[in-house]
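In the two assemblies presented below, chain A is common to both, partnered first by chain B and then by chain C.
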Partner chain A sequence: MSDTVGIVIVSHSQDIAKGTADMVRQMVGSEVKVAFCGGDPGGGLGTNVPLIIEAIDKAWSPKGVAILVDLGGAETNSEMAVEMLQPERRDLVVVCNAPIVEGAVMAATEAAGGGSLEQVRAVAEELSAG
Partner chain B sequence: MMLETRKSNSHTITGSVRLIHDAGLHARPAVKLTKLAKKFQAQISIRAGESADWINAKSVAKVMAMRASRDSTIEIKASGEDAEAAVAAMVDLVARDFPDNTP
Partner chain C sequence: MSLEPETLKSLVKAAAEKVIASAPELTALDQAIGDGDHGANMKRGFEAVLGKLDVIGSQPLGEAFKTIGKTLVMTVGGASGPLYGSFFLAAGDSLLQSRDLPDDVAEVFACGIGAVRARGRSAPGEKTMLDVLVPVLETLTAAAGKPDLLNRVRETASEAVARTAPMQATKGRASFLGARSIGHIDPGARSSCVLVQAVCDTLEARQ
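Showing the complex of A and B:
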């Protein structure tokens, strides 16, 4: 169980991204790799494809990476970032359809337990299914 | 404190423990409980009181949604090879009020 699915948090706000990552680390623990990015390089609100790719690299695990996003552009930019990865990595990264904070905590809990990328995604998305 | 485990038949191990955590089974304890449950191969279910539905102890969303309150009794049942160790560990975690050093 040495490898766990990595978690990437992408928000329009750096504060939200960092705060969400802090919650995951404190609630779930440090055994799951968590990376985050938020805001545009100018310091305003936004998301940025190169920064998302950097976060994916940071959280990289052979078991894959699950991305949690907030609104609109965070999702489309994350999808674009996934498309720009090396082809062999692309299939190992998913963007979850889940609320960013709750989804990140649930996904990380599943990842910490050794869950596969599909299981991690399913647990995060269980929240949206109501 | 209520703390017991028993073998109800050859396959299922059950236990029960009173929840003493101040705020009930909120997010952080729920994560700890789920993480512990996932360490075992056994199928593990929990419920908060006799009238509640059994839920999968390895599902963090479901454990959080239980909203078990302080002083409620958490029942745990497990089946599988390591069921006995699983129930003992789960009861211990709740009885010790979810200590932070739990791996």
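Showing the complex of A and C:
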């Protein structure tokens, strides 16, 4: 199997993150690595840098990883997590400006088709442009 | 001026305890215009900082700031984790390997603010913590070396928090409220004020 771009889903709610990942798997299949996380370090609603780093590691692919987020704190924490990766990995991870569910499905579809990280991001972000 | 490990520890301890004690107030402010988690998030982050107090006291100043920053990033949970975390990480970078504060404390503070602006892609006037941090920096610069510096910083911080009430939020969760964010003071501005004032109070008590 050739490598595909990995997908990470970061929501304030673990239920939303898991549900989104379930939808991606059902619609796109299992050839794309999908990891998800949600919840703050205390177990409440929120996001959490260590869990995001862990999810990036799980979804890691030499072609890179695209992250889909829900609200502001998820984006800020995801950007922070990317900066804390080893330098050689940082440039291979992008945070997409796209709605989380639709963006994750579109990104995973593009990734499954062999798209590059930039193509995966562009397809997800088209959803915000329209 | 050099900063003895005990002084640094007492400053960090006082600031952390003050923020933890302010958690209910911060939560109430955040319930009005955000998602109501600012108090709990800051409390969790600064409790973790308190847990590392001995490590922080044993490190050169720059490293100590970076430990505070990294701890906040990893434990706060909300957007305020990366924002406050980046402040301390960048301030720490500017101090690296030094136990002495440079003559110009404002310079270190400015490095921290630069990181907050970049992380939040925001500027003063948008109803955020920057609306306290930037005026405090201006006072640190304008009143450097003056005997009433600490008082002026404290006053600046209080006045700056009050000035966030009429602002309309354009960043963060409060921006979803549009004009309805007007009339409430910003929780992040308030937590910044609590931190700044705790540091001023502690320095004053040691003089």
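The rule we apply is simple: the second predicted complex is superposed on the first by the 129 of 130 C-alpha atoms of A that agree within 3 Å, B and C clash if a C-alpha of one lies under 4 Å from a C-alpha of the other, contacts with A are read in each partner's own complex, and residues count from 1 in each chain.
Throughout what follows, a contact is a pair of C-beta atoms (placed from the backbone, for glycine too) under 8 Å apart; a residue touches a chain by one contact, two chains touch by 3 or more.
Predicted model, so just to flag it, every value in this text is computed and none were measured.
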**Message:** On the A-aligned overlay, A:M84 touches which partner chain: chain B = first, chain C = second, or both, or neither?
**Reply:** second
**Message:** Touch test for A:L127: chain B only (first), chain C only (second), both, or neither?
**Reply:** first
**Message:** Which partner chains sit in contact with A:A112 here, chain B, chain C, both or neither? Use first/second/both/neither.
**Reply:** first
**Request:** For A:D57, select first, second, both or neither according to whether it touches chain B, chain C, the two together, or no partner.
**Result:** neither
**Request:** Would you sort A:V28 into first (chain B), second (chain C), both or neither based on which partner it touches?
**Result:** first
**Asked** Does chain A have more residues touched by chain B or by chain C?
**Response** C
**Message:** Using the touch definition from the top, list the residues of chain C that touch chain A in their complex.
**Reply:** 35, 37, 40-41, 44, 73-79, 81-83, 85-86, 119-120, 171-173
**Complete:** In the complex, chain A touches chain C at residues 40-42, 44-50, 71-73, 76-77, 79-80, 84
**Item:** chain A-facing residues of chain B, complex
**Value:** 27-28, 31, 34-35, 38-39, 58-61
**Item:** Partner chain B, residues of chain A touching it in the complex
**Value:** 27-29, 105-106, 109-110, 112-115, 123, 126-127
